[in-house]
C-alpha cells in the first residue's frame, strides 16, 4: 500500500481523475469527452447500458488503451500510461471483462504472471529458479478464500476451467496484489450465487484495507449493496455521479437507460 | 416448428432426455452419470455452482461435445449427434457461454452463419449470390426487438462490439431460428438491466410459441421469474429437479451449494 | 565384392540422373555394388558430407563424388580416405584436385570457352559490337556457373577481370547477367528481363540447355527468335535436338556416362590392385572431354556435327 | 410487459423502452478521414496504393522503357504463374492454413499432362483433365489430413511437398518434353500461352485466366455463403462449427480448389515455358506466400481480400523488373526485394494504424 | 457476513460456506490410463517415444551396422547444426512467431568470423565475438520489427532472410575459406569440431554444445519467470500484456537469443564442415521448423517443450541415416521423410486424443 502517497496529498484530492476523455474506434466514438473521478477509500460503481462505454473508460484509465484526448490524474499528478504495466507498477490492479489470462498456463502461473516469486536459495538467486511451492500455496489460499472449491488442481491450465472459475481466478489475483486501487469490470457476471457473495465480501475487505475500488456491474442489488457512489454512464459520457444512499434503484436504472434525466431525478449532472 | 413430431409422440414423452451421461476431461470428470429431462413447452432452469458441470451437460445434449457414456433421446428417439450441426438441423438452437461467433465477420454474417439467404434472382440462383439487404434487415429487426440500440451498424465486425452487445446478438440468433428447443447458457450474464429484461421477455415469447427452453443462469430472481421447473446440478450430477413454485429461492440456493440435502428440503432426488 | 557410393549434387538434374544410370549399368556389368546419394539441391554441401559419413559407416570401398562445394568437401573426403576408401571426383575437380584419388571431369572453363569462341567466329565482324546477355545459374555463384560464364566471355574476347566471379566486367557489349536457376522457367524470365533492358540483344549465353529453351520461348514470343545466337553447355539429348531444330546454335557436350563408367572401373581397379588412373597431360585431372556441337561449323574452332552429337548424347 | 415480470425485481421496471437508436456524433476529419475510412474498409486498397506508387516511381525514374505497353504486359506475363498459385494460396491462408505443396502440385500436374500425352498417347484434352484431377486429388488429401486427422496445415503440406516432388521426379525420370514436340504434337498443352493483342499490348490466355480467376474468387468469397464460411473457419474454427458451419466440408472444398488451381497453374506453366520440365516451380510456395502476405491477407486467417494477393504478386513483379532495368545486379535485387517485403507490410500496418 | 449484506438479497444467505474441496472420483483405467496421463503432461514424451521406436526398428533391420556407438554418435554429429538452430527456432515458435532467417543468420555469422580473421587479420577470438554479435544484432532487428512495428514474424524474417543472404554473398564475394587455411592459421574457428572419445563413442564439442544448450533452455523455459513469459506471449500476447508481462522485452529477448544461437550454429558449422562456405545452410529454416513441429511444439505458440525439438531433429536424423543405410535412393528417402513428417505428427495427435 502506498501509504506515503496517500499521506502527502490533500484529503480531497481524488485518487483518479479523468478529464474530457475521448476514445474513437474508427467510426465509433466509445468515449465522448467523459469525466471520471474516484475518491479515497470509496467503492465507486459504474453502471450503464451495454455499449455505453464503461469498459472503454476504465481501460483508458489504466493504460490498457490510450485515449485520443483528455487527461488522467492519479492522486493529483498527471500520468501518461503507455501500457497496463505502468499502472500495475503504481499498485493498480484490474479485472478485465475479457479476463486476460494465458489459457495454456496454470492457475498459479497466471496469478503470478509478471511478478513471479523466485526461490531464496542459490538456485533462485543465481539461476532465477521460481519458487513454485510458494506460488502454488499462495494461489490455493486465495482461491479458497473466494470459495472456489471446485477447482481440482492449482496446476490445471486455465483453459480447462469453467467460465465462473476463470473469473474467480482473475478476481483473486487483483485482490491479492493491489495497493492503490482496483478496477473490476463485471467481476460477478459469470459467478454463481455463492461465489458472487464471496466476491462482494472480498470487495468490502479490500475497501477496509483502505484501497478504493471501481466496480462495473449490471447487477443493481450488488451495486447498491457495496457502492458508496454510483457513476452513471450513458452514450459514451458520464451522465452524473450520485451517492448510493441518495437514489433509488429504480431511479438509477431510469437514468442509465435514458428513461429519466438527471434533472427529473433531482441529482446534479 | 415440428408440429408433426409433437403430434406423434405421447403427451408425456420428454422433448429431451439424457440418461447416465458421463464426460471426462483427462483427470477431470465434468459430468458423472447425470440424468437430464426437458418437457414439452416448459422453461427448465439449470442452476449450480461454478464448475458444477452445467455447460458440460448441455453441450453433451446438443452435440457440441460427445459424451463418454450414456444416451440422449430427443422426443423419445435415441440420437447420436456428432456435431452441433446435427442438432441445429433438428431445430435446436444454442446460446453458448463462450458465444461462438466469428469476430472478424459482421453481425449479419454471424446471425446467418450456415443458413445464409440467397437472392431470388438469377444472381442468387445460379451465382449463389447472398441477399445481403434481406439478411441485414432481418438482423436489424431482431436486435431492435431485443432493444440493443447502441449497436451502430449491422455491418460492424462482432469483435468491435461490447461484451453485452455480443451476447445480445447470440440470443437474438437463437430465438430467431429455433423450432424444437433452445438452450441458453447464461444468456444475461453480460447484459445490462434493460437488455436482460428484454431477454426474459423474449424467453417468455418463445415459450408461448410452444418452444421449450433450457436456461442456465446464476441469477436466481431471473430463474424464479421465468422457470417452470428447476434442475439443480451439483458436483457433476443432477441433484434433483423441482417445480419452481414448490421451492423458495433460499432453499434452491442451499441445495445447489450443498448447504442442504434434498431430503432436508423435502424434495425428491 | 566391392561396394561403392555415388554422390551427386542433386538428383533432379537430368545430367545426374543419366550419370547414375550409367554408373549402375557399369557397376552391374563388372560386379560392383553401388549405392546412390544426392544433395537436396545443386549446392547442398551438408547433405553431401552426411552421405560421405554414411558411406564410411556402411563400409564402402570407394566413393564417386560430384562435389557441390569443391573446397569445403575436402575435410570429409580426407576422413573417407583416412578410413581407407578411395575417392574419385566426377564432373567437377576438387580444390585442390589432388584431394581426391582421381578425377574424371569436364573442363567447364573450356566448355564455356568453346561456345564463346564459336559465337565470336559465327558472328564475324558483328561480334565487335555484339550485345551480350548472360543467363547464369543462381545468386550463390557456384563454381561451375562461374567457370562456364567466364570461359564463354574469355572465348568471346571479353576482358573478364577477376575470373572467380561474374559481373565485374567492364566491356560495354555486356547487357547484363541474369539468373535462370538452370531451368526453363528462369530462362524465360531472365531473357525477358534482358530484353526489357535492351531489346537489341543478339548473343545469349546460358548455363544449360533448359535455360536456353526458356530463353528461346521468350524470344519467340516477341518474334525475335531469328538473329539471336544462343549458346549453352551440357549436350543432353533434348539439348542436341534443340541444336538440330535451331533453338540453340551451339552447345558444349559433356560425357557423364563415361565419367561414371570410368569412375566405377577405377574403384574396381583400386580394390583389386590399388592403382589409380593417370591424369590427362597438362591437367591435374582426367579430362573426359568436351565436344562442341554446332549447327554450322566455324573455322578454327573444332566442333562435331549434330548427328555425331546425337550419337553421344546422354538423356 | 406486466405479465412477464411475475417475480421480476421492481427496479427493472424503470428500464422502459427507448426506441431511438443511439447515434454518437461522428467527428471524423474531412478528406483524410474519408481516405482512411476507405482504406480501412477495403483491405486490398493498401497494396493497390503501393502498386500504383511503385509503377509511378519506376515510370518516373525509367521513363518509357518502363512505362510502355511492352513492359506492362511483360510484368503481367511474368507474374501469371505466381498470381494463379497465389490465388490458391490465399484461399488456404484465409482458413488459417498454409500450403507449402503448391509448387509441387503445379509441376506434377504439368508432368502428368505431358507424360500422359506423350508416354501413353492419351488424347491431349483427356491428359489435361487427368492432370487437373491429380491436382485436385492431392489437394483433397491435404484437406482430409488437415480437417479429419486434424494435423497442422504447415506439417501436412510440408510432408506433401516432399512426397509429391519425389513422386514427380521418380515418375518423370526427370525428362523434359521439348517445346517443339509439344507444338507439333500436342499444342493444346500450350493453350495458356496463346497470344492476342489489344491496342499494342499483348496478352496471353494465361494472363486472362489469372485475372478472371481472381475476380471469380473475389466474388465467391464476398458474395456467397461458401465465402463467408471460408472466412469464419479461418477466424475461429470452433466458433464456426458451433454456429453451424460445416468446417470439414469448407476445408475440403478449399484444399481441393487449391489443388485444382495449382493444376491449372501447371497447365499455364506449359504455356509459359513451352516445355514440360519437372524441375520447375521450386520457389512457387515461397513466392506465392510472399505475394499473399504483401497483399495484406493475415497468416492467422480470416482477414484480407484475395484481390490483395494479385496486387502483392504484381508489386513483386514491378520491383523485380524495375530494379533490373535500373541496373541493380541480381544480388542487389534480391536484397532490395527483401527490404520491399518488409517495407510493404510496414506501410500497410502504418496505414491501418493511422486509420484506426 | 451479516454486515456485508446490508442490502443483499435474502436467498443469498443460504449459500453458506462448505469448506471441503470437491473431488470427483477418478475412474482412470489402470496402466494404459497412467501412460496416457504421463504422455499428456509431458508433451516431449511423444516424440521421444517415436525416436526410441525408430532406433529400435532400424536397429533390428540393420543390426550392428546401425546399433553401434559409431553410428549413434554419427547421428548426433549430423543433427548438431539442425539441433542448435531448432533450439533457436523453438523459442521463436513458442512466441507464435517463426524465423525464416535462421539459416541466413547462421551462415552470415560464420562468414563474418572467417572474413574478419582472414581479410582483416583480426585475432580469431575477437572475430568470433564479432560474428556472435552480428547474429544477435540481426535477431534484435527481427525482434524490433515484430514487437515495435508489429509486423508478422513470417514477413519480417522472410525479408530478413533475403537481405542477410544477399549481404552474405555480396560481402563474401562467394569465396570459400578453405579448411586447410583455417586449420593452420585460425584453428579456434574449428573449435566446435574438436573431438573426444567416451567409451568408443566419439563426441564433438558441437554435439555437447547442442545438448547443453537444449538443457539450459529447457530449464529456463520451465523454471524461470522469463520462460513463463515466453509461453504467455505465445499463448495470447494481448492477455499477457494486460496481465503484466512486458511483451516487448520478452519478444526482443527471444529474437536476440535466437540470433545469438544461430551465430553459435554458424561457429559450429565451421567446426563441422571445416571451411567457411557462404553457400551453406540454405535449408536450415525448413529443417529446423520440421524438427520443431515433429517435436510437438505448436506453430500457434505457447504449447510444447523444447526437448521435443531435439527429439524431432534426432528423429529426422535417424530416419535419414537408417534409410540411406538400407539403400533407399535419394528420391525415395525424400518421399519417406515426407511421409514420416506427416506420420509423426499424426501419431502425436492420436496419442493426445486418446489421452484426452
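When the chains are written out, they are named A, B, C, D and E in that same order, and each has its own residue count from 1.
Definition applied: a contact is a pair of C-beta atoms (placed from the backbone, for glycine too) under 8 Å apart; a residue touches a chain by one contact, two chains touch by 3 or more.
What you see is a predicted model, and the numbers here were worked out from it, not measured in a lab.
Shared touching chains for chain B and chain D?
Both-contact set = A, E.
Which chain lies the greatest distance away from chain B when centres are computed from Cα atoms alone?
Measuring from the centre of chain B, the most distant chain centre belongs to C.
Which pair, A-E or B-E, has more C-beta contacts?
Looking at contacts between chains, A-E has the larger number.
Please report how many Å separate the Cα centroid of chain A from that of chain E, as a whole number.
Result: the chain centres lie 40 Å from each other.
Quick check: how many Å separate the C-alpha centres of chain A and chain D?
Here chain A and chain D have centroids separated by 45 Å.
Taking each chain's centre as the mean of its CA atoms, how far is chain A from chain C in angstrom?
Those two chain centres are 73 Å apart.
Hey, what residues on chain E touch two or more of the other chains?
Residues 9, 11-12, 15, 18, 22, 24, 165-166, 169, 331, 334.
Do you know which chain A residues sit against two or more other chains?
Chain A, residues with two or more chain partners: 25-28, 51, 149-152, 193-194, 196, 220-221, 235, 253, 257.
For chain C, what residues touch not just one other chain but two or more?
11, 41, 139
Please list, in label order, each pair of chains that touches.
A-B, A-D, A-E, B-D, B-E, C-D, C-E, D-E
Which residues of chain E touch chain B in their complex?
These residues of chain E touch chain B: 9-16, 18, 22, 24-28, 37, 40, 355-356.
Can you name the residues of chain B that touch chain A in the complex?
Those residues of chain B that touch chain A are 25-28, 48-52, 55, 97-98, 148-153, 156, 160-165, 167-168, 186, 189-196, 218-220, 235, 253, 256-257.
For the complex, which residues does chain A have touching chain E?
64, 83-85, 88, 94, 96, 99-105, 109-110, 113-116, 118, 127-130, 144, 147, 149-152, 173, 193-194, 196-197, 200-201, 204, 221, 224-226
In their shared complex, at which residues does chain C touch chain E?
Residues 11, 35-38, 40-41, 43-46, 49-51, 53-54, 57-59, 68-69, 71-72, 74-76, 95, 139-142, 146, 164-165 of chain C touch chain E in their complex.
Which part of chain A faces chain D closely enough to touch in the complex?
Chain A reaches chain D through residues 24-29, 32, 51, 220-221, 235-236, 248-254, 257-260.
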